[in-house]
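Each structure below appears as structure tokens.
Two complexes are shown next, each including chain A; its partner changes from chain B in the first to chain C in the second.
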Partner chain A sequence: MKRYDLIVIGAGPSGLSAAAEAASKGLRTVVFDENERPGGQLFKQIHKFFGSKEHKAKVRGYNIGKQLLQEAADAGVDVVLNAPVEGLYPDHEVTVRIGDSLRHFKGDAVIAATGASENMAAFKGWTLPGVIGAGAAQTMMNLHGIKPGNKVVMLGSGNVGLVVSYQLLQAGVEVAAVVDALPHVGGYGVHAAKLARTGVPFYLSHTIVEAEGEDRVKGVTIAEIDNKFNFIPGTEKHFDADTICVAVGLSPMSQLLKMAECDVPDDPSKGGQAPRVGAFGETSVKGVFAAGDVSGIEEASSAMIEGRITGLAAAESLGFITKQELEAETAGLENQLASLRRGMFAPGNKGRKITETDEGIALSESLLTQGYVADDEIARFPGVTKQRGIHPVIECTQNIPCNPCQDACRKGCIRIGKDITSLPAVDTDSQCVGCGLCVAACSGQAVFLVDEDYEEGYASVTLPYEFLPLPETGARGTALDRSGAPVCEAEVVEIRTSPAFDHTNLLTMKVPADMAMTARFFRNQKTESEAC
Partner chain B sequence: MLRITEHPILGAPEKGRRVEFTFDGRTMSGCEGEPVAAALKAEGVMIHRYTSKRHEPRGIFCAIGRCTDCVMVVDGVPNIRTCVTPLHEGMDVRTQYGVTDRKDFGEEAR
Partner chain C sequence: MMNDRSRDIGPFVPAPDDDMIVCRCEEITKGEIRRAVHDGMYTVTEIRRWLRAGMGLCQGQTCSKLVKGIAARELGISPALLEPASSRAPMRPTEMKVLGREEGACA
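So, the complex of A and B:
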């Protein structure tokens, strides 16, 4: 048997954060993880995160993972991989399978940071090869460089379904449809909008009738459902597809905590059976803590803060820091956590239908039901102004905890204010120089630069572009509107790439002047002919 | 072609050297160290096993070693989770029927 001050189970965002924090206070800390590589799901997250600077907003997930690994290594944390924890017993006894043997460890404190697993939806044909979890798609394309298929139907419009759909497009996979049984898009509107403008259709109040195929998925039939979840005959729609991705939520993996006899009640607001925890992640069993998704489904940014708080709490429980130090150090973290838990998508608002923003502006109904803000809705949001010369147009229409656009603008054109969830407002007397930093900084790809006086009869629209091949200056193609429908011819007049943009390219296209507030995506002529 | 050669965010995937392995006796190739399931996927193999009672096909589902849907007989050992087992040169990968690599698995019971 080997002893440690602290044993952390799981090397994902919360586990690594907890371990780094505890080790920095002098605890001899080990992290066990069943995977070959550390980082949990962080290294599959290739999008820019929301939040503020403190939450590492606008940094892509995998880069946050690299920073976190470095921090843990610098703090002297021992990370043991290929080491599934098989048992957590009273008195903090931990058994770990390493190679072909089962090893025995004891920690004065234990933090379970075991994360979550994907939920499944059962429909006819759901066991066919080709029906996969959305996380599986993400793992295959972003970790292993393999597309899960050529044409995908996504079931689920929560953030996982939306983000993975976009990543599928980035990997060169066609997304035939995003389908959700709920009547409105579950995830952030900005994530839906960046899909819709490329032409991905949304089918809300729909679900899968059948996955078709003898021994693998060949197609999918969906149909509309009524408010009792019964299919409405005659509403069936068929798609050819070789892959169905299921993104219908996550459940905490709390099995080890149950084994340790922690109180683990069923709590729908936490996504399933999650341990009852105090403010510092302490469970009902002394010395056993929980952090991250296992203690309630949220996202990586909050998991990392929870991990830090719990790591500090473990340090205090063993006398490495005083109660006063714990409270002083966690106060700032608690504030960061609180700011992430605000806005329309806060855990407390789960399942609630919200109709207007904190500013009292009616939400876009079209965004909620079709994935994009309609032309006649967009002008009422404070980021959307009409001005002479180039200026940002911020199509951010829901209160989400995120403010990098404000920090990006050196001219002070963009204002969110103290409250991180406020809608960004564009100064109507803007001093915009068209640097494009706000376009690249927006994790939701909701910022555009518009110049209605670009040329006689023409406007320019600058948009974030994260696909390959990157069109060249002079390329001609079609401009698509927010719904992904072709609206006019467009010519690429500038492509900007910069390390500061972190792989978000800025594509500026010239469109007829009356399309300045309509054209929001560029489709290359060449790619269109290739598709045929 | 399911292999990504150039990704807009990640660039060219970092992969191991090309190695050969066999799938049900057929020679295939993949990248050393990638999951066996990834190599099979790139070669177009979708069916990893057939269930023992109903003989239904199963393939990759979770891709993180949790669901066990993708298990196969690898180097003579059944129930190997191919999504978390790294590919090596000369690996012998076989479709799993029930818990063996014999197509007639369970026939005698019926």
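So, the complex of A and C:
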């Protein structure tokens, strides 16, 4: 049996961060992961992440995974892949399947960073081929390059449902509807808005009645539900679809910790059975720690910080650093965690209906129920100003832990301030030069550049564009509004791509002047005919 | 409270979706799970042993939350109050030949 100072189970953002931190303090550290690739959830995430620079905001998920792996390798961590941990015992022994044998390892400390598993929803026909988890859809598209279907209905409007819906669109799959039993969109408004403006409809307070089809999904019927979750007769709606994607939440994968006799209560605010942990991730069993989604469903940003804290705590528990060093090194990390856990999506706000922002501005009701900010709501947010010449219009209207837009602008046009969850505000005293860095940096694709004085009678609108094929300069098409409804003709006057934009293209379209604050997406004439 | 078998949970009332499969590995329906509760299986562990729901290939990864929800609704309690099934090695489906080739168990 091989011994290590520290055994980490799971090579996701929390596990890799924990291992790198511990190894840098001198612990002989191994990480086991059952996947063939390291990075956990990250290696499937092709979108830019929220957060701040320290949390690798605006970096695409898979690149964060690569950076963490490099850091762990540099610190001397052994990362063992294709290695499912089959058992964890109270005396810190783990059994791992490696190849065709079961191997035993013992660690003086163990960190479980096993992440979460997807919840399923049962409805009539849910066992038909074509009903898949959102995670499976992501794996098919982003790892294997396979389209999961041609037309999907997404069940679930949390961030996972919204992000995966967008990725489906990027893969060329039609998203017929996003459906959620809750009365409000569960995920970030900016993620919903980037779907809505392409024309994806939202059905809140609705759920699936039936997946139709004999030997595979051919269609879906949804209906509205009352507050007791009963279908309201007469509200049924039918969609032709070959795929139903289920994104109804994640549950901590805490089975190993239960096996190790840790105290693992069922806590709905953490997504299910999550270990009881102290400030440093220590469980009720000495020397066994937990970090990341397994100790409560959150984000990669918090998972990375939790990982670092538990890595340091493991080092302290084995005498590699002193209690004082632990406290000094984790103080800053604790502050970062606290700042991430503010805002309307903070864990403590789960299930609470919030009606106004921290700044005291009424939230957009339309965003919460239809996925986009209505025309008569947008002007009240501080990112939306009226100015002469080119200027940013920031349609980011909820308090979320994110600020790359502020860092992107070297001219000082965008201000969030020290509280990362504050709404971005546009400073009208600073002169925008139209460089577009803010548009490309925004993880929520919520920043536009508007020039109402572009040409006599015409305005220009610059928007982030992450679809292929990229329209060409001079292409004519239709401008869509925030709800995805066609509103006017539009002509592409500029397409900008740059390594600094990291695959976000900037599309500038010319629209009639009165459409400057309405037109938010471009649909190419050609793609429309291609779709027919 | 949840283990109090003298508590009256009312009769089993058939429902139109009773034939819906919930545990797909072992092909256990919603009706069978609801019926098991009325037959006196008040914990997830009992339901597992009685019906084998959650004992198939995926080891309850897909259905355990669903089974818990159905049983809790039948008992009229919050799912969080239902004691979950216990966790055991191996975590993932593992062939006997692998389990038989254990290395370093008694170092």
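One rule holds for everything that comes next: the second predicted complex is superposed on the first by the 530 of 532 C-alpha atoms of A that agree within 3 Å, B and C clash if a C-alpha of one lies under 4 Å from a C-alpha of the other, contacts with A are read in each partner's own complex, and residues count from 1 in each chain.
Here is the rule we go by: a contact is a pair of C-beta atoms (placed from the backbone, for glycine too) under 8 Å apart; a residue touches a chain by one contact, two chains touch by 3 or more.
Bear in mind the structure is a predicted one, so any value in this text is a computation, not a measurement.
Engineer: Look at A:140 in the shared chain and tell me whether it touches chain B only, chain C only, both, or neither; answer first, second, both or neither.
Structural biologist: So A:140 only meets chain B here.
Engineer: When the two structures are overlaid on chain A, which partner does A:256 contact: first (chain B), second (chain C), both, or neither?
Structural biologist: second
Engineer: Go through the superposed model and pick first if A:34 touches only chain B, second if only chain C, both, or neither.
Structural biologist: Both partners, chain B and chain C.
Engineer: After lining up the shared chain so the two structures overlap, which partner does A:119 touch, if you call chain B first and chain C second: first, second, both or neither?
Structural biologist: A:119 contacts chain C only, not chain B.
Engineer: Between chain B (first) and chain C (second), which, if any, makes contact with A:87: first, second, both or neither?
Structural biologist: Touch partner of A:87: chain C, not chain B.
Engineer: Applying the touch criterion given at the start, work out whether A:268 contacts chain B, chain C, both or neither, answering first, second, both or neither.
Structural biologist: After superposing on A, A:268 lies in contact with chain C but is clear of chain B.
Engineer: Check the residue A:148 against both partner chains and state whether it touches chain B (first), chain C (second), both, or neither.
Structural biologist: first
Engineer: Going by the contact rule set out at the top, does A:132 touch chain B (first), chain C (second), both, or neither?
Structural biologist: After superposition on chain A, A:132 lies in contact with chain B alone.
Engineer: Touching chain B in one complex and chain C in the other: list those residues of chain A.
Structural biologist: In chain A, positions 34, 117, 127 sit in both the chain B and chain C interfaces.
Engineer: Using the touch definition from the top, list the residues of chain C that touch chain A in their complex.
Structural biologist: Spelled out, the residues of chain C in touch with chain A are 17, 20-22, 24, 30, 61-63, 65-66, 79-81, 84, 86-92, 94, 97-99, 101-105, 107.
Engineer: How about chain A: which of its residues touch chain C in the complex?
Structural biologist: Residues 1-2, 34, 84-87, 95, 97, 100-104, 117, 119-120, 122-124, 126-127, 251, 255-256, 258-259, 266-268, 272-273 of chain A touch chain C in their complex.
Engineer: Using the touch rule from the top, collect the residues of chain B that touch chain A in their complex.
Structural biologist: Going by the criterion above, the answer is residues 2-4, 6-10, 13, 15, 34-35, 38, 41-42, 46-48, 56-66, 83-84, 86.
Engineer: Can you list the chain A residues touching chain B in their complex?
Structural biologist: These residues of chain A touch chain B: 34-36, 46, 60, 62, 117-118, 127-133, 135-137, 139-142, 144-150, 170-172, 215-216, 466-468, 470, 503.
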